[in-house]
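Before anything else, here is the set of structures, which you'll find just below.
Shared chain: chain A. Partners: chain B in the first complex, chain C in the second.
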Partner chain A sequence: MAEMRILKERERQIGQVSAGEELKILCEKKSLAGSVSQRACVFCGSRVVLYPIADALHLVHGPVGCAAYTWDIRGSLSSGGQLHRMSFSTDLQERDVVFGGADKLYSALVELIDTYQPKAAFVYATCIVGLIGDDVEAVCKRVTLEKGITVLPVHSEGFRGTKKDGYQAACDALARLTGTGSTQGVGPCSINILGDFNLAGEIWMIKEYYQKMGIEVVSTITGDGRVDDIRKAHGAKLNVVQCSGSMTKLAEHMKQTYSIPYIKVSYFGIEDMADALYQVAEFFPAYPQILEKAKVIVQTEVAALMPELRAYRTALNGKKAAIYVGGAFKAVSLVRALRLLGMKTVLAGSQTGNPKDYAQLQDLCDPGTVIIDDANPLELSKFIKEKDVDLLIGGVKERPIAYKVGVGFCDHNHERKEALAGFVGMRNFAREVYSSVMSPVWRFSSRRGGDYIPFRETVVCKAH
Partner chain B sequence: MLLRHTPKDIKEREALTINPAKTCQPIGAMYAALGIHNCLPHSHGSQGCCSYHRSMLTRHFKEPVMATTSSFTEGSAVFGGQANLLTSVENIFSLYKPDVIAVHTTCLSETIGDDIVQIIAKAAEEGKIPADKYIIHANTPSYIGSHVTGFANMVKSMVKYFSLTTGVKDNKVNIIPGWVEPSDMREIKRLAVEMGVASIMFPDTSETMDRPQNGQFDMYGTGGTTIDELRATGDSLATLALGHDASVPAGELLNAKCKVKLYELDIPVGLAATDRFIKTLSEAAGVAVPESIERERGRLVDILTDNEQYFYNKRVALYGDPDQLVPLCEFLVDIGMQPVYVVTGTPGKYFDERMAEVLKGVPGAKFRQGAQADMFLLHQWIKNEPVDLLIGNTWGKYISRDENIPLIRFGFPIMDRVGHSYFPNVGYMGAIRLVEKLLNALLDERDRKAPEEKFELTF
Partner chain C sequence: MQGALRKNFVSTRNPCKLCAPLGAALVFKGIEGAVPLLHGSQGCSTYIRRYLISHFREPVDIASSNFSEETAIFGGEKNLAAALANIATQYHPDVIGIATTCLSETIGEDMAGILRNIPEDSLNGAPVLVHVSTPSYAGSHAEGFWAATRAVVRRLADRKNVPERPNQINIFPGICSPADLRYLKEIVADFGLSAVFLPDYSQTMDGPGWPEYRALPAGGTSVKEIASMSSSAASLTLGRIACVAQEQTAGEFLRYGSAVAHHPLGMPVGIRETDEFMRVLEKISGTSLTEKYLYERGRLTDAMVDGHKYVFEKKAFVYGEEDLVLGLATFLSEIGIIPVLCASGGKSGHLRRLLAERIPELQGRIETADDEDFAGIAESAKRLRPDILIGNSKGYHIARQLDVPLIRVGFPVHDRIGAQRILHYGYRGALELYDRIVNALLDKKQDDSQVGYSYL
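Showing the complex of A and B:
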């Protein structure tokens, strides 16, 4: 294929880190119409954030597609009920689009609530609902009154913006739940875990670290989440926010309404994970034993981890990685984690980063690293080849791109199958990176556009 | 129990679909368009639609799936998406250089009433379409039909935009394969070659959705039906439209537009449907069935007779699309099995008519199509009276696990296993593969569950 060019309109969304010069990445822009964008919509953002709440009902109001494509697709695990893994849709038909879908929504809600008696219900408004003008708010109010179960509308019409706007819509819905339960019995050393979605059971590990430190976890929002816990989340003394892109809005809301401060953390990589525990411990200075315990946890876990990591590091030293993930905050953690493995990040990008994120990435990355916002597959493959990348970290749509170009891949998105958070997660991450980068299969493949000639051995066996 | 929330008591639902056995039109249009050579599917709607379809197709095919989107905003929702589509066309031709842009609509653009024909005309007027490049479109409102309807609509558009009559008949047969895998398309083409029939297959996703690794990321792969081939379909002797829902609408249009004789057939899944396919192909092309095909058929019959004892009276539950379910159930009945429960979310009376006929000898068989014919209902039926085997897409793994029933993956999407892109289910060889899968599932289960005193070495 001929060498690709980068569209003029995209040029300012891509840049290269150079020493002593500040790079300004244009971001938070709408995707160019007609691009193969890797981004999604408002509904997608709301749905992924709220769906891990396992004892709530999640009803998608729209034609069947939106419910079908998001049926248990994220892999958020629950320690109890699994209601969130069902796919409920009003399955709007043509007549509903003409005459309105509010009645159908009402019947569907009543049927579902009668069957499941959920703790609360979320109703996701999709594109079409915004157009035909169903009064979702009114239906939710009516059902709440009639059934005594909180029914919350999520204003997630796809066209209203990007995934980020969907996070906002989700936070708005969550904000209506917090502050509605009794905080009696919530202790002084208590936190909420925000922005972890319990992929591969990650929140269970994080929660265990905190509990070992003597911290009470009031609610997990939303991984393995429960409605009643969220109702009393305002009783916690601190909000600990990961995946800041999705949850900062809720943390801000709780800070203003209930005066609960928040800190931003990341659980990826040893440094960030340890830092998260220390930051939380330091928030409770009146309880110095918490910090002591945190130190013990970090020491024990790191000591257990290091011998294995060292072995991987020896093998991976000097290998190059490209990162293209949803939120730029995650990219920052990944650059650090890769560095710990001796790997160099030569491309770092995200779907939804903001100027602050990109500035931070720039500070962290070595000169020459390409920083990219809202990349398309052609751009990704171009830089993979140019920068001689050994590993791409991304999500479902990036995986086959990496393999076609002949480089390793690590899913750091919805489709991870091993926990990547926490100290154990760092070990899993290292194993995954190692197994992909060092896989024996690459020697049979063409790599990064280079030639592989399958039958070049002229004499394979002797003829007699 | 992942689906512990499925109660055994069946209540008629009015307004609710749970665990759907279908999805929406646009993804079908996208898959069909990927079967045109150098074609970029374009989703005229919000970004999310395009992203979801690409993700699901990627999970199924493990291939890069390229498609663009009009990236609707609130402004477009109010004022219409014309500006977005025009900008898209310009950007796509300059950046991605496809031969064809295949636009499909979404519930959003349908409801605001964007007139795609007019917008394409405007793009042409403004010189946004380079010479020898094309834009085609299909209307695919998500609130009508299902993913199969969207596939059918895009295939129909291929005829609408490209098929031509020169007045001179060409000695070829058109084959519209329906919504099948790249492997199935390959196999159908192989059978045509084996028969000595020159064919044009459209759409054709072999070499686009099952590409070899070559160290390059390229947008389109080398496969797909070319524009010249699509044009030539109008001069062919006949069209074999495989599948009532996915293929017949295009076949009918080709018949109306270019007077190409239409044969309506099932997708050749199983023995009888493949027999009909081979016979029709021989009739349409005026060729005899070669001995090599008879020998293939003989091998299938041999494996069926060798193993008939294991199939007898086994109860099977199936879900998926009508075009596949009809011949598949026919095959199961033909080999002595009992397809007792069958659901499809894809609406249409055709399914009811055919299923009534196929399942008339199966006592207590239940089948249903449309909005509430979902996997929740299927699961409830199973809870009330269990089955030995489940056949359908990946979503069935919940029921399989909860009810301890083996699952054979068949249909779309298969997101947790590979093989479907490479090994066909159609034709006699495909049927042999199906038999192998059926036997493996049943006999593995028997081995796994057998008490020690009944555990046997050979079957």
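Showing the complex of A and C:
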């Protein structure tokens, strides 16, 4: 078998943490052609961010593929309507590409708005729309006037950058919604939750923690999101941003436009989750009871959680994990969460990390840990083997890289159906890691000596 | 047959089809040592990888030439060259299968010209380059699949006109499961024939674990085998719609160019289609169907008798690729189930006619809905009240709403384990489908019953 070589142009995006030496990871680059990046495109970035807004119409303007591949894939739950789980496409055909798709877009919007009565509509421009030059903006404006609901273009042509540019395009669209509603009645201790997508109902748990502390949650962007809540989001006193890679742009916009400060948090792992509550409490120093209540929540939840975690820790102690996720901020939380389970992170990488993220990862990880930006399957498999890992944390595309060579796997991507955020999420995470790493199936994998032993060889063994 | 339903929406709501490059990528995954490369945006490769991985549960590496804004304006030659060089360095492939997406197709890339400027021997290991045009605004994944099959044969089959291999046949199996491919191989071998399959992802998309990660999974039809297709005794194309709808199938190409006899057949789903398939093999091999298959057929017809009352005149919705729908509908008509709606996102324009031709006995009782989506199927369900749905997992939400069983077949099956091992073809496949269908209906009846007998 041919040796796995790392492409020359990729070398500076990979490094190993070493004591006393600063590691510079080249990042925020467009993926190398032919490298088989695990990243998607601009459209994907926009689509995943806006997807959970449940009472909006999401119309993908382009050929059918982009809409088909993103139909009902996120585990984002809604407490009400389910319109976001439908896939709408203008399904452009050859004649549309030749003569333009604007008319089709107009008709599609009108019929869908009439049929489904959404609160707003997002129109995602895909690659082809950028080429044939449909004036999506003009169509959206026209339908907005005619139908009386906001129709927003999302400039997400796939080739216009990376997934991160798609986040930006989504934030641009959201920015046009915020500030358009009445903030009457919004109280002084109020926040928006940004960058949680309510996978498996996570935002409901987070929201409950904050509400128990006496905090008012004005809007959740975009998990279980509602158009009217986003319209009045500028009434909140603080933006609490998770998944900073996708949502910082909106937080920045709201800071500049409405003078709303923001903090970055993570809800993964006990430490980060507790910190997310404390940071919010500390923002409202005039209300000391908020912090008191936060402490009670953390104490109660952690106390309930620890006995079970200790049991997992005993079993998992010393096991090695590789992390490859979308955003590096999440990787940071995961390193901490794994540590709590007694596990060591030997590889940490992400699709869209920035220099700050990678510096933070480096500070957190032990010497020898591989840090990797925009990896491909061959690179991941190389380090999984070299580091002899017991667990890979990633998404659906990473899963077979682990399973094929007999390594456990935990899905931490946006398709998952398991709640991994919050204190309850930490327990679920621990259970999932435990149930994959400790499964008896690995004993039949080649790397654990599980291949069939012929009779002849068993006889030889006994003879010795 | 009743008239085809007219789609009353301009937009597509919950599509019952995928885009053409996916079909092409699947074909390339069935060639030994091949890496698919999509010439377009990064997202196309990644989405298609995720979609295929979720079904087959195998590594599916598909490269992208990763267009940028400049590429879209000035052309993708540089990116394509870089992609090919990087794939060659990393994967050492025998073949790189290039599919042009809507993006590269629309900017009018001169692929022949570009590829002329990149000599194969300039790449590490000198892989063979095959190009197929798959703009996603023309046709669905099924068209992409057949177009890639043809492109591979055109590019790789020897230009010979000598049937030097009287015992070798070519099989173009259509979009089927790895289990189907393995079973077809078993059948062909039992006739004393050898077959070149295109594609053959029986192993690449359903293989054992590995001692260490492989850049290229084992299996697939080799370049050499594909080259030899022009000297085979015959070609069998399993897909009646593909045969009439495609501009030229690989089988026709070999017939014109190399005088290889071509047998356009249906997907061998159910008794009659499998019988026809077997008779063709009998004719080519000069041997009779062996007892093994007569027994398989016998067990199937015997099971059909055992369960006939539980399925008779049940109403089924069948959906998916047009050829699969045609095959399944034919099978259902054999066991007494009425395929009251035959739906597909495809729009060859031939589905309705072929259903009428193949199932004359159900004249007027089958509605055809091509160019259909799942929202349309859900709306038809309110009117036609099916007892059972048969198709891919994307129809689950309809089955759930109707509270009727869903028999998962075809592609994709994203909500179960073992999609790659679902057998549809041949007598054995029909028997498995039959058992699943009858038992799903019995399950439903038993669950709904007040009493819940544990005895039939």
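As a convention for this text, the second predicted complex is superposed on the first by the 447 of 464 C-alpha atoms of A that agree within 3 Å, B and C clash if a C-alpha of one lies under 4 Å from a C-alpha of the other, contacts with A are read in each partner's own complex, and residues count from 1 in each chain.
What we mean here is this: a contact is a pair of C-beta atoms (placed from the backbone, for glycine too) under 8 Å apart; a residue touches a chain by one contact, two chains touch by 3 or more.
All figures in this text were calculated on a predicted structure; none of them were measured in a lab.
Overlay on chain A: chain B and chain C clash in the combined arrangement.
In the superposed model, A:427 lies in contact with neither chain B nor chain C. When the two complexes are overlaid on their common chain A, residue A:207 makes contact with neither chain B nor chain C.
In the superposed model, A:71 makes contact with both chain B and chain C. By the touch criterion defined above, A:83 reaches chain B but does not reach chain C. Within the superposed three-chain model, A:416 lies out of touch with both chain B and chain C [touch as defined at top]. Once the two complexes are overlaid on the shared chain, A:452 sits against chain B while remaining clear of chain C. Shared contact residues of chain A, touching chain B in one structure and chain C in the other: 1, 4-5, 7, 30-44, 62-71, 86-94, 96-97, 104, 107-108, 111-112, 127-128, 130-132, 158-162, 377-378, 381, 384, 396-397, 399-401, 403-406, 445-447. If you check the complex, the residues on chain A that touch chain B are 1, 4-5, 7, 30-44, 62-71, 81-83, 85-94, 96-97, 103-105, 107-108, 111-112, 115-116, 126-128, 130-132, 158-162, 377-378, 380-381, 384, 396-397, 399-401, 403-406, 445-452. The touching residues of chain B, counted against chain A in their complex, run 1-5, 7, 11, 13-20, 22-27, 42, 45-56, 58-59, 62-74, 76-77, 84-85, 87-92, 94-96, 106-108, 111-112, 141-144, 146, 211, 213-219, 345, 371, 376, 395, 398. For chain A in complex with chain C, the residues that touch the partner chain are 1-2, 4-5, 7, 9, 30-44, 59, 62-72, 86-94, 96-97, 104, 107-108, 111-112, 127-128, 130-132, 158-162, 376-378, 381-382, 384-385, 396-397, 399-401, 403-406, 445-447. Within the complex formed with chain A, the residues of chain C that make contact are 9-15, 17-19, 21-22, 37, 40-51, 53-54, 57-69, 71-72, 79-80, 82-87, 89-92, 101-103, 106-107, 135-138, 140, 209-215, 345, 375, 394, 397.
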